[in-house]
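Given below, in the form of structure tokens, are the structures.
Same chain, two partners: subunit A is paired with subunit B first, then with subunit C.
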Partner chain A sequence: MSTVSWITARGLFGRRRFLMLLPLPLLLVALAAISHGMGVPPSDWGPPVLIGLGLAVVLPVVALIVGTGVLGAEIDDGTVVHVLTTPLPRWQIVLPKLAVAAGVTAITVAVPLYAAGLLADSPRLGLALALAASAGAVAYSALFVAVSLLTRRPVLLGLVYVLIWEGLLGNVVTGTRVLSIQHYVIALADRIAPTNLLDTTVSAPLAVVMTVLVSVGFTLLAIDRLRSFSVAGETS
Partner chain B sequence: MTTISSAAPTAATTSTLDLSGVSRWYGNVVAVNNVSMSLGPGVTGLLGPNGAGKTTLLHMMAGFLAPSRGTVTLDGGPTWRNPEVYRRLGLVSEREAVHSFLTAYEFVLATAKLHKLPDPHAAARRAVALVELEGAQDRRIGTYSKGMRQRARVAAALVHDPQVLLLDEPFNGMDPRQRLHMMELLHSLGDAGHTILFSSHILEEVEQVSGTVQVMVAGRLAASGDFRTIRRLMTNRPHVFAIRSTDDRALAVALMAEPSVTGVELGRDGLTVRAGDYGAFTRVLPKVALAHGVRVRQLVPEDESLESVFSYLVEA
Partner chain C sequence: MSEPTGVIHDIGYQRYTGPRLGRRQVFGALYLHGVRTTFGLGRSAKAKIFPWLVVGIVFTFAATLTAIRAQIGEMILTYAQFADNMSWLVIFFVAVAAPELVSRDLRSGVLPLYFSRPLPRADYPLAKLLALVTALWMLLGAPQLVMFLGGAFTADGMREVWDELLDLLPALLYAGLWAVVFASVGLLVASLTGKRAFAAGGIVAVFLMTTPIVGTLSILPSTAVNQLAGLASPSTLVQGVGIWALRDLLVTDPDAGLSGLGPFGPVYALAAVALVAGCVTLLLARYRKVAAR
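Showing the complex of A and B:
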């Protein structure tokens, strides 16, 4: 583990807001288990729990908390200056932080999604959801790490993307789904384990290409922004 | 206390930090206005009142802010968007930001590893010893006092033995002993050939640490050079004090006999005293009060705001 990853992970797990990660995945598993236990048909509870909660809320919100935590929180409290006053090329700072963010998000979301997919249909659907969510974790993390460097209010901007763009416009204006990580994840999962429980309008090849583009594009943007990082607001 | 002079590393080579016509503005507000200076080995104080642009200037020197106009270079290379400068440059920023979940040793060691030093443990031990933090090095930084946190940050900034060290208000929050130690450390680093620049808004701090000062007022470089010359200009100006005591009239009479006092005005809210010699007056006041059985309840230097001191300096 690189020193940057080590400091990032310690900082992430040492902050209280990390505890905010736990309720949502637990809720996902609990709802799936209760629905399954009460004999509700998966066609009834599958879409709202797997997509409505799992992929539309748990994945982006966990990614938002972690993604803005690995760099945004350090920018917020000023500790980022310590890492930046070293001769490390900026990509060697961004990539380890991104890896920690994506890894923590993937683990936190993939496990409950696997369990929910297993209860809803089969181990294959569970695995498909876990794999697709992991890919989504990378894309979301790249997006939110970059957003941390673009604005002093990364959580707010991230919530606007998740709630307004993906949550609202994604359901009303179907064209926006082409620019929605949530729909890439649904398309990827549906491609790995085709099922009626997952409804998608984005093709799998497009989802793959866009996931890669989003991940790489926002990572490059984050590296470039970090090169031009300015300490703001202090003019004394 | 350890002897710093023997512990401070000698700079293998010297570095020069050059600023040429540097300005920085935020919208319509000009924070730094056409500043040029060249900093070589030794300790230089960057002096100025709050809001003078010291921090903005330091951030530009440290590569954390792009100049709106002009250039900032370290040994010919730009500091902005150039991480390579941090092999030769260390920064202790004013903002008290430290990874509170790490111990001081972990923090300094992590910095040594980020610099990819050949023996990070040895470098971390040396840097921690340099700031006298060995006794508390295994405690979490979150449990430290403000002064100790500051020392941990200085250790991290020194771990790679930079030729240039920039410190923004380094004495903030330090107790007198820590302050003295930090002053000795800066002295010894300067003597060893390092280029040290520290900012402060306190004249006495600068006086004790550096012989050379750069004085900033309202974003401009108001004075530059030997501190004693500048200090003389500062001390020779008249000082005004507001005093409240148990017997203002008796104190006024007694003070008029003192050569350091050039005028006394008795008002309803107390005395207004004009002193020609700041040091002599502040030394003699307690003696005079004691001799006449008067208790001084309040002593406020009325024009002691640095803004007024520096304004006087600029006019001079």
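Showing the complex of A and C:
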């Protein structure tokens, strides 16, 4: 474990605000458990809980908070200079931070999704959701780390993507789903464990290709942006 | 050794003897500045991007609705339904505006400067809250006015214009309810942290994570729970009050999801009042603590 990833992990867990991440996954499990316990058929509660809460809210919001936190918080404080002035190649800064962000997001999201999938259908669906969510965590983290290097307001730009692109347009103009990580995750999970709970218009091969493309592309972009990074004060 | 001799020169210092503006003017200045801040007026171009993006989308939507109505003569959304359909954008706007209003002052530690003026503790958060409410109300109300103008100019005769107006006015009140509920919740969350990024994330998390709770509660095998499900989320709470108060204007499709409130309409209204009152109380308590520091 490199020093950069160690610092990043401490920066994430060392503050009290990390506790902000806990309510979302807990809520997911709680809702699944309540619905299961009350005897509601999974075909009724599956879509709103698994997709509506799990894949559409918990995964992107956790990825957004963590992904912009690993690098964006340091840029905000100005402490990123200490890391940049060390004789490390830029990719050795971006990759560990990305790994920590993706890892934390994947664990926070995949565990409750596995539990919810288990309650909804079978261990296979749980595993499929956990795997797909982990892949989605990598893609989202790459996107949000790159965004935090492209702009000084990464959280707001990330929210534009999550709320307006995926939330609003993805439901109205179905064509935009081709460029939506949320639907790649749904397609992947549906491919691994075919059920009637998950439904999307994106095909599985496209989802695989696009997830890899997004992850690799935005990682390269982040490394490139950090190469010519200019230190500036807080914008108004 | 000579005596130390000192002279006090009169270099023309003068006391200010003009009129001093009081509490009301301070409140008014804070309010006006707050409204301008939410839209990024008087700020750099970067601060205008996100607010005006939302305004642009909302107005595009309203213009499209108006154009469709003028061409086909069919009203796709009533005025009141317009606010419901913009809920995601309202959440985003609150996430942009509320941290700008309160988190920056917390971060840079300028609150003592504010409170060294003739400004009671409660006035600062209330002025900010009022500014956010106004901004949200304008965000939802102005497009409805565009829709109304479009409808009024295509109507035949004053009678239809009058009918349109009677549809518009309750919808503007309804937009005000949206504004009050979302502003009080959003400002409370934003006032908890000085970091704008975390405040924005927190606001979105609070609003988004409550929506699926409603979805789950409304399919549980108990009618009373189903009818009370909307209480769990601010947006469905507001919709519930709207359906109770102005039913015909909101529910055009009788099978619509949340239309079944049963006998619990007044409960929704009480819950909305309680939510706003609770948030304002907590906000005031928060500023009592922050200001004492």
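Rule of thumb we're sticking to: the second predicted complex is superposed on the first by the 233 of 236 C-alpha atoms of A that agree within 3 Å, B and C clash if a C-alpha of one lies under 4 Å from a C-alpha of the other, contacts with A are read in each partner's own complex, and residues count from 1 in each chain.
We adopt the following convention: a residue touches a chain if its C-beta (ideal position, glycine included) is under 8 Å from a C-beta of that chain, and two chains touch if they have at least 3 such contacts.
Computed from a predicted structure; not experimentally measured.
Following the overlay on subunit A, a clash is recorded for the pair subunit B and subunit C.
Within the superposed three-chain model, A:Val57 lies in touch with subunit C and out of touch with subunit B [touch as defined at top].
Residue contacts after overlaying the shared chain place A:Ser230 against subunit B, while subunit C stays out of touching range.
By the touch criterion defined above, A:Gly170 lies against neither subunit B nor subunit C after alignment on the C-alpha atoms of chain A.
Look at A:Gly117: by the touch rule set out above, it reaches neither subunit B nor subunit C.
In the superposition on chain A, A:Leu156 makes contact with subunit C only, while subunit B stays out of contact range.
For subunit A, the partner with contacts to more residues, out of subunit B and subunit C, is C.
Once the two complexes are laid over each other on the shared chain, residue contacts for A:His82 go to subunit B alone; subunit C is not touched.
In the superposition on chain A, A:Pro42 makes contact with neither subunit B nor subunit C. Legend: residue contacts after superposition of the two complexes on their common chain; A:Pro96 is shown touching neither subunit B nor subunit C.
Looking at subunit A, you'll find residues 235-236 touch subunit B in one structure and subunit C in the other. Here subunit A touches subunit C in the complex through residues 17, 20, 23-24, 27, 31, 34-35, 38-40, 44-45, 48-49, 52-53, 57-58, 61, 64-65, 68, 72-73, 76, 152-156, 159-160, 162-164, 167-168, 235-236, going by the rule given at the top.
Remark: subunit C residues 43-44, 46-47, 50, 53, 57, 88-89, 91-92, 95-96, 193, 195-198, 200-202, 204-205, 208-209, 211-213, 215-216, 219-221 touch subunit A in the complex.
Of all residues in subunit A, only 3-4, 6-7, 10-11, 14, 77-79, 81-90, 227-231, 234-236 touch subunit B in the complex they form. Taken together, the subunit B residues at the contact with subunit A in this complex read 26, 29, 31, 50-56, 59, 62, 64-66, 81, 83-87, 89-91, 93-99, 101-102, 107, 110-111, 113-116, 156-157.
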